[in-house]
Every structure is written in structure tokens, then in C-alpha cells.
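Before we start, here is the structure in question, set down as C-alpha cells.
A, B and C are the chain letters, set down in written order, and residue numbers restart from 1 in every chain.
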Amino acid sequence: MEFTVEQIALMLNGEIKGDKSLKVSQLAKIEDGTEGSISFLANLKYEHFLYTTQATAVIVDKTFEPKKEYSPCLILVENAYSAFTTLLQEYQKILANQKKGIEQPSFISNSATIGEGEYIGAFSYIASNCKIGKNVKIYPHVTILEASIIGDDCTIYSGVKIYPNTHIGNHCTIHANAVIGADGFGFAPQADGTYQTIPQLGNVLIEDYVSIGANATIDRATIGSTIIREGVKIDNLVQIGHNVEIGKNTVIAAQTGVAGSAKIGANCMIGGQVGINGHINIPNKTIALGQSGISKAPNKEGTILSGTPATENIDYLKTQALIRKLPATEKRLREIENKLKSNE
Amino acid sequence: MEFTVEQIALMLNGEIKGDKSLKVSQLAKIEDGTEGSISFLANLKYEHFLYTTQATAVIVDKTFEPKKEYSPCLILVENAYSAFTTLLQEYQKILANQKKGIEQPSFISNSATIGEGEYIGAFSYIASNCKIGKNVKIYPHVTILEASIIGDDCTIYSGVKIYPNTHIGNHCTIHANAVIGADGFGFAPQADGTYQTIPQLGNVLIEDYVSIGANATIDRATIGSTIIREGVKIDNLVQIGHNVEIGKNTVIAAQTGVAGSAKIGANCMIGGQVGINGHINIPNKTIALGQSGISKAPNKEGTILSGTPATENIDYLKTQALIRKLPATEKRLREIENKLKSNE
Amino acid sequence: MEFTVEQIALMLNGEIKGDKSLKVSQLAKIEDGTEGSISFLANLKYEHFLYTTQATAVIVDKTFEPKKEYSPCLILVENAYSAFTTLLQEYQKILANQKKGIEQPSFISNSATIGEGEYIGAFSYIASNCKIGKNVKIYPHVTILEASIIGDDCTIYSGVKIYPNTHIGNHCTIHANAVIGADGFGFAPQADGTYQTIPQLGNVLIEDYVSIGANATIDRATIGSTIIREGVKIDNLVQIGHNVEIGKNTVIAAQTGVAGSAKIGANCMIGGQVGINGHINIPNKTIALGQSGISKAPNKEGTILSGTPATENIDYLKTQALIRKLPATEKRLREIENKLKSNE
């Protein structure tokens, strides 16, 4: 796609300094700008790039005053950073809306219903009694099994696998090859050392505005639902066990695992590679730093946790400092021992 | 599906207290019971839910005596919990057996053989010389490459990718998007800093009653076989390296990684996010707690390991207690130093 | 496939001791050798297997002198180990080249271009404006989205998902169900506790001779490119965040995560389950041991790191030794206290 500088200035409510007929077709960082690209300058730390960039146009704050010669056409706006973000979002929307219709071959059960504005990629599979909302984009190689419900304005990327009876709200995004609703890991030990599979008959319930990363896995509940509340953001390769509940607007970074029946509060921030024990109840606004291992829940909201086993971060830092001092401690101890010996 | 209370009581060998013609169509926890659902009461801690639940029917122990009015129809059985489990399993079997036949389009080589009772989902790919047993359910988007063998009564969920020459036993379940048989991670360092790929020509051998989680990866051997013994249960996102052998009935929780050529004994329980070094030999019945990092194998069966580097859990707990006491230790040391100073 | 011992000796420039007309059809470890298999003996530690193996042929160093009777035909070469590796590679090449042509049904946009020597598996999806080089093997269920470029001699295994605008060099291998180019994990916190999605409009750039493991995820950049340099080898289930750059010939083992905007130097060796913080700059030749958590970059090349938070391995080992001595330290401290008390 190609836009004139004028079109973009109109979209951003900006003022043009330069040739309004210039055309741009891609977005770039100011230091990487090439002909045909548009960039932005928000932080004056990067001002020097304006004087060397090959970008065709640069969005700047309207208060900005250049100190040297520059070649790009400028678009002056209230706030260059947020204007550029707006531009990114508009561009994304345009791209997303280009995908329309049902590609063939695809496999859609007669009993499935699909709202208008849909995109169904080739080789997608929608089983019986599924209900797909409006403006849903389903990329190739998605499997949606029986009686699953997907709300409006969702995007399901390639290779996502959704087990039966999954409920997904509106405005959700699920990235490629994520698996929603596989069996919880439940096996009953038998007297002979073998394990019997405990049937997993619950489902996964995902509310609105949830984002789930590539290759993440969310197991369905044994009975009842594994629940992902409104606004939750889950990164790539995260594991959510059966019967877990993740509270509203909680964010979980990559490769973290939440064991079965844990309940995580709202507005928590969980770092990458964190492990959370089963059957514990993490309060709202808890912050868990990367790689921490949470075996017990903190007893108040807003606690910052780190380490394994996780403790309050401030205690962790003190302990780490003392651990680093162990060689000195050892030396002091030996000195005392020597002194006492020589005193004898 | 819908059943009458009478049908269910017959299946469970139970006695009915209430209207035997009532119909139920789903399973629920007693506190979540709605009209049309059946639940159970096994632990009297939850007895109060019986008096408020909207469930149509509730399975109870035949020794149970209600203390208040209740609305559901009761089904009295020997053991309510195990009766409910039986119900879950029967329900699961009914669901599973509904899937039958070969959906189109699918891609099945002429030289592949498939036993009776099969389900092959649309867009599945079965390459030449594969042998698929009886009653095997292969969901959409599965790839099974050349000369792989799958036993009877297996379920292979959507998107599973099986590399050539993989051997899978009977009664196995592989969850969505798991990858069986990718290249082991083997590269020979060259003088110029680059790496040459070491061809990985072995395979993966999976015995009977094995379960493998969603998005798990099991690499094939360089030469010979990566072996998963009978009854092993592997959770989501687990990594099994090349030439690893996992002993009978060992259970491995999510996101654990086992490096190349490690051998894990039988009846071990490995927690989540555990790392196991290559080329070590873990004895039978070892228990590794979550996030532990096992660089050396314990020297006897039944050891409980934790921490990184992993030690016996009892030592780990002692050490952790002493680490938590480090601030106090520091204080004691300073007091001694002060005392000695003032004594001088 | 079947070869005579003579054909193999020719390929390896070896000399035959035995019946050159014998036929072999598989490769095996010497201890597992069965009739029809060929093996090798490089390390004399395994010499005893030569006298018991059922292998039809065994490759040995030409300096090797057997001490007992043996049954296999021998092939004498300069270096048995490297000859066997050559054999593995040749075998692999033959297998790979058997895959040719475009299987149906597949979905290839009219505007996509594909070089000669291609294999496109059934149910593969190649979107508009993609450019695929020569001798590229694309297995079933691969999705390659708009305007992506793949160089010559690449192998893309089943179920790999490639987002739009991804650039992949020559001689790359991507294993099953890996996801290249999903959204970076970028969300701007709002005053009301919700998060706004930050559009991710960059791409992923992968240079030549890169290998990426099964179920690995490499996010695209917010703006600009996430870059994987020439010769990088990435294992299964690894997470590479947005705007990361991985330097030439760096090797990353399974389940490691690299957070957004981190830059890793050339020729590094990163172990399994390592966590690397965002926005840090790891120097060339850094070695990170398994499960380490790198929050700060080391300040010189070639540093060996371990532990969380990661320190130089030599310091880590000292600290670990002192931690193990804590019970003894506690005892010494108590003795001193008692002595001082009794002196009072």
C-alpha cells in the first residue's frame, strides 16, 4: 500500500513542512529510514538521525525546531510518538481487513454458524455446532472442534487447535499453533505403579480482549472451566494447567507455567519462565520477577516476588547480597577462630 | 447427549430417590449445578451445596442422610466419587466413538494401511508405508511421515507432527501440536566457528499406554532410538532430547527438559520446569520437585531432589533455612566481633 | 534403500575385508547391529562389540587390528568416525531428494514464485507475493504468509507457521510447528488497568545456515527486524522476543527464552532453560550454563555464566560450595558463641 504524505497528515491531524505529494509505503525506525518510508522523532536523543536519514517523511512534535539541514518532509503533530502509534494501528487494521471470505478447500460443518465479515483460510476445520461471531479472521490450518463458541472481532492465527466446548469472547487474538483445551494432566496412581487417566470433561472459558501467544497451551478443566478473564495477555509457550483462573488484566510473559487449580488475581504481572504451584491463590497486583518459583502465595496485594522458592523481592535482594558476601563471612569467621585459639 | 436419571442409575448400579424420568445432559461441580446437569457429593465438606444446588441430579453415597430439604433427584451408590469417575469415563468413550470414518480432503498414501474403526480427520496426511492400527482416531491437520507405525486404540489430536520411522504402541494419546521425531540438536563445531549438522538417523520408539502433552517435543535419536517406555505420561511443552530413554510409568510435568542421552528410570515423578542434564542415569522412583536442575544423578532409588544444582530435598530445605537465617547469622557474627574488640 | 558393501566402500574410499557383495539397508550402533545393518568402530572402548555384533558390515580405522574372530565384513578407512558421518549425510541427502513436486491439494497464490527442485507437501499454504528459492522442501501443513521470502536449499517441516514479510536465507532448516514472526509481546498499560495492544509491524530476518527447532517461537519486531544471523542453531521450544538479535554461529539449547530487544553476540553457547533479560547486550563467545538467569550482561567476551542471577561460573561454584558449608558454618558460629559465653 502506498499513501501520500498529505493523506497521512490528514489522518494524524498534522501540518506538513515539505512536499505533500510524496509517497510512502512503509514504516521504519528513523535510523533505518529509506526512500519511501515514514518514520518519527519523539526522543531528542535521536535528533541527529533526522539530519542523515533517507526516510521520505518524518513525524515530529509541532514544538520541534531543527538545528541543521534535513531532507525528509516533516509532519508536525501534537505528540509524535502517539501519532506514529495511531498510524501503526490504522495500518494494521487495513492489513487485517484485506483478509475476507472463505478460501477453499476448507471444512466447515453444516451445523456451524459464522458471522459476517469473516475470513476463513484454506485448510481450516470448523466442527459441528460451532458458533463463530462477526468479523472473525481464521487463518489456515486452524482446527475448531465441536460446539466451540468464538465471539466477534477475534483473530485466530494459523495452526491454532481448539478442543470441543471452548468459549472465547470478543476481540481476542490467539497466535499460531497455540492449543486451547487439551486434557488437563490428571492421572490416578494405581497399586501396580501404573496410572489411570482421569477424564477431563470441563472446558476453557476465555473472556473479551484476551491475547494468547504462539505455541502456548491452556488445558481444559477436569470439571467446570479453566478461566481466562477479560483483558489477560499471555505470551508465547506459556502453560496454563487445568482449572486455573487468571484474573482480569493480568499479564504473563513467555514460558511461564501455572499448575492446576491455581488462581491468579487481577492486574498481576508475571515475568518469563516463572513457575506457579497448583492450588494456590495469588492476590491481585502481584508482581513475579522472571524465573521465580512461587510455591506459596503472598498474603497481601501488590507483593513483588522473586527467587525460588519465591520471597518478597526486597528480602530476596538482601539474601542475595549476603550470599555474595559469604566468602568474606567465611574469612571473618576464620579470623575469630584464630584469635580465640591464640587467646587460649 | 441426553440421558434419563434412570439410565444413569442403571449404568452406576445405583438407587434413585426422586423422579427417574428427569433428563440430564451435562456434568457439573455441585456448586455450579444448573438445570439439566448431574453432579456428585463425596466429601461432606460440600454438603451445604446440596441444599442450594440447581443440579437436576446428584450422586451420593448410599450411607448419606440429608439434614435439610433439597431439590435434586438423588442417585445412591456405593461410592459417589468413583461412580462419578465411571460416568466421566463412559461419557468420554461415547464422545470418542462418535468420531468415525475418513473425512475429505485427506491425503493417505496408497501404501499406508489403516485398521478398522478408524477416524481420519480432514486435512490429515499419512505418508507411504505407514501402518495404522485398529480404532485409531487421527484428528485434522496431523502429519504422519514415511514408514511410521501406530498401534491400536491410539488418539492423535490435531496438528501432531510425526517424523519418519516413528513407532508408537497401543493405547497412546498424543495431544495437539506435539512433535515426535524432529532432529536431535547435534552440531559439530568446526575450526572456523561454524557448526556442521550431524545427521540424525535414528527414530522415536513409544511403547503402550503413553500420553504426550500439547506442544511437547520428542527428538529422534542420532542412531538407535529415543525410547518412551510403557505407561509414561508427559505433560505439555516438555522437551525430550535425542537418545533419551524414559522408564516405565514415569510422569513428567509441563515445561521440563531432558537433555540428550539422559536415561530416566521407572516410576519417577518429575515436576514442572525441571532441567535434566544429558548423559546421566536417574534411578527408579526418583522424585524431582518443580524447577530443579539435575546435573548429577542421585546414587539410590527413591531420592527426592530439589533446587539447582539439585540435592536431596532434605538437604535443600536445611540449606534454604540457613540461607533465610543469613541476616541473623551476620548479626551474630558482628556481635562476636564487637565483643572480641571490646575485650582487647 | 539397499546398498552393497562395495558401493559403500567406493563412496568412502575404503578397502574391504570380507564379502563385497553383502547388502546393507540400515545404520546401527555396533552393539545394536542386526543382519543387514552397517555400523562403525571408532573408540576402542567398544572393540568387544565387534566380536559379538550381528551387523553385516563395520567401518573401522585402517590401522585397526582385530584380536579375536569376528563375523562382519570390515570396511577399512582413514577415520572410521568421520567416514560414518559422511555416510549418514549421504543417506540423509538421498532421503531428502526423494521428496519432489507439488502434492495436491495445496494452496499456492498465483503471485507466489517457487524455484525449481521444489517439494510442496499437501495442505501447504503459500500466500501472495511470497518468493521461494530453489530446492526448497516444504512439508505438509506449512503456512507461509504474504510477501515472505525463503532462500535456496531450505527445509521447512510440517506445521511451521510463517507470518507476513519474514525473510529467510539459504540452507536453513525449520522444524515442525515452529512459529516465525508472531506478534511481539507489547502492550501499553492504560490508566484503567487495561492494556492497549502495540501494533507489531516489523518482521523476522533469518540469515543463511540457520536451524530452528520444533515448536520454537521467534517474534517479529515492533518496528525493524528481529535478526537471526548466519549459522545460528536454535533448539526446540526456544522463545526469541521481538527486536532481538542473535549473533553469527551462536547456539541456543532447548526451552531458553530471550526477552525483547536483547542482543546476543556471535559464537555464544547458551544452555537449556536459560532466561535472558530484555535490552541487554551479551558479548561474543559468552557461555551460559543451563537454567541460568542473565539479568545483566557480562562485561567481557568469553565469560562463562551460571546461576540466577547469573554470575561468572567460577564465582558461582565458590558461592555454591560456601552455601553447602552453611550447616558447618552455623556449627562453628555456635561453638564460638559458647566459648565466649563460658569465658564470661
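Throughout what follows, a residue touches a chain if its C-beta (ideal position, glycine included) is under 8 Å from a C-beta of that chain, and two chains touch if they have at least 3 such contacts.
Everything quoted here is computed from the prediction, not taken from an experiment.
A.B. asks: Work through the pairs of chains, note which ones touch, and then classify the graph as line, ring, star, complete or other.
C.D. replies: Contact map by chain: complete.
A.B. asks: Nearest 5 degrees is plenty: how much rotation brings the CA atoms of chain A onto those of chain B?
C.D. replies: That pair's rotation angle lands at 120 degrees.
A.B. asks: Taking all residue numbers at the chain B/chain C interface, are over half used by both copies (same) or under half (different)?
C.D. replies: different
A.B. asks: So, what's the distance in Å between the C-alpha centres of chain C and chain B?
C.D. replies: 26
A.B. asks: Touching at least two other chains at once: which residues of chain A meet that condition?
C.D. replies: Those would be 105, 123, 141, 159, 177, 215, 237, 255, 273, 308, 323, 329, 333, 336, 340.
A.B. asks: Contact residues on chain A for chain C in the complex?
C.D. replies: That would be residues 27-29, 32, 85, 88-89, 91-92, 95, 103, 105, 121-123, 139-141, 157-159, 173, 175-177, 209, 211, 213-215, 231, 233, 235-237, 248-249, 251, 253-255, 266-267, 272-273, 290-291, 307-308, 320, 323-324, 326-327, 329-330, 333, 336-337, 340 of chain A.
A.B. asks: Quick check on the complex: what are the chain C residues that touch chain A?
C.D. replies: 105, 107, 123, 125, 141, 143, 145, 159, 161, 163-164, 177, 179, 182-183, 185, 187-188, 193-195, 197-199, 201, 215, 217, 219, 223-224, 237, 239, 241, 255, 257, 259, 273, 275, 277, 293, 295, 308-309, 318-319, 322-323, 325, 329, 332-333, 336, 339-340
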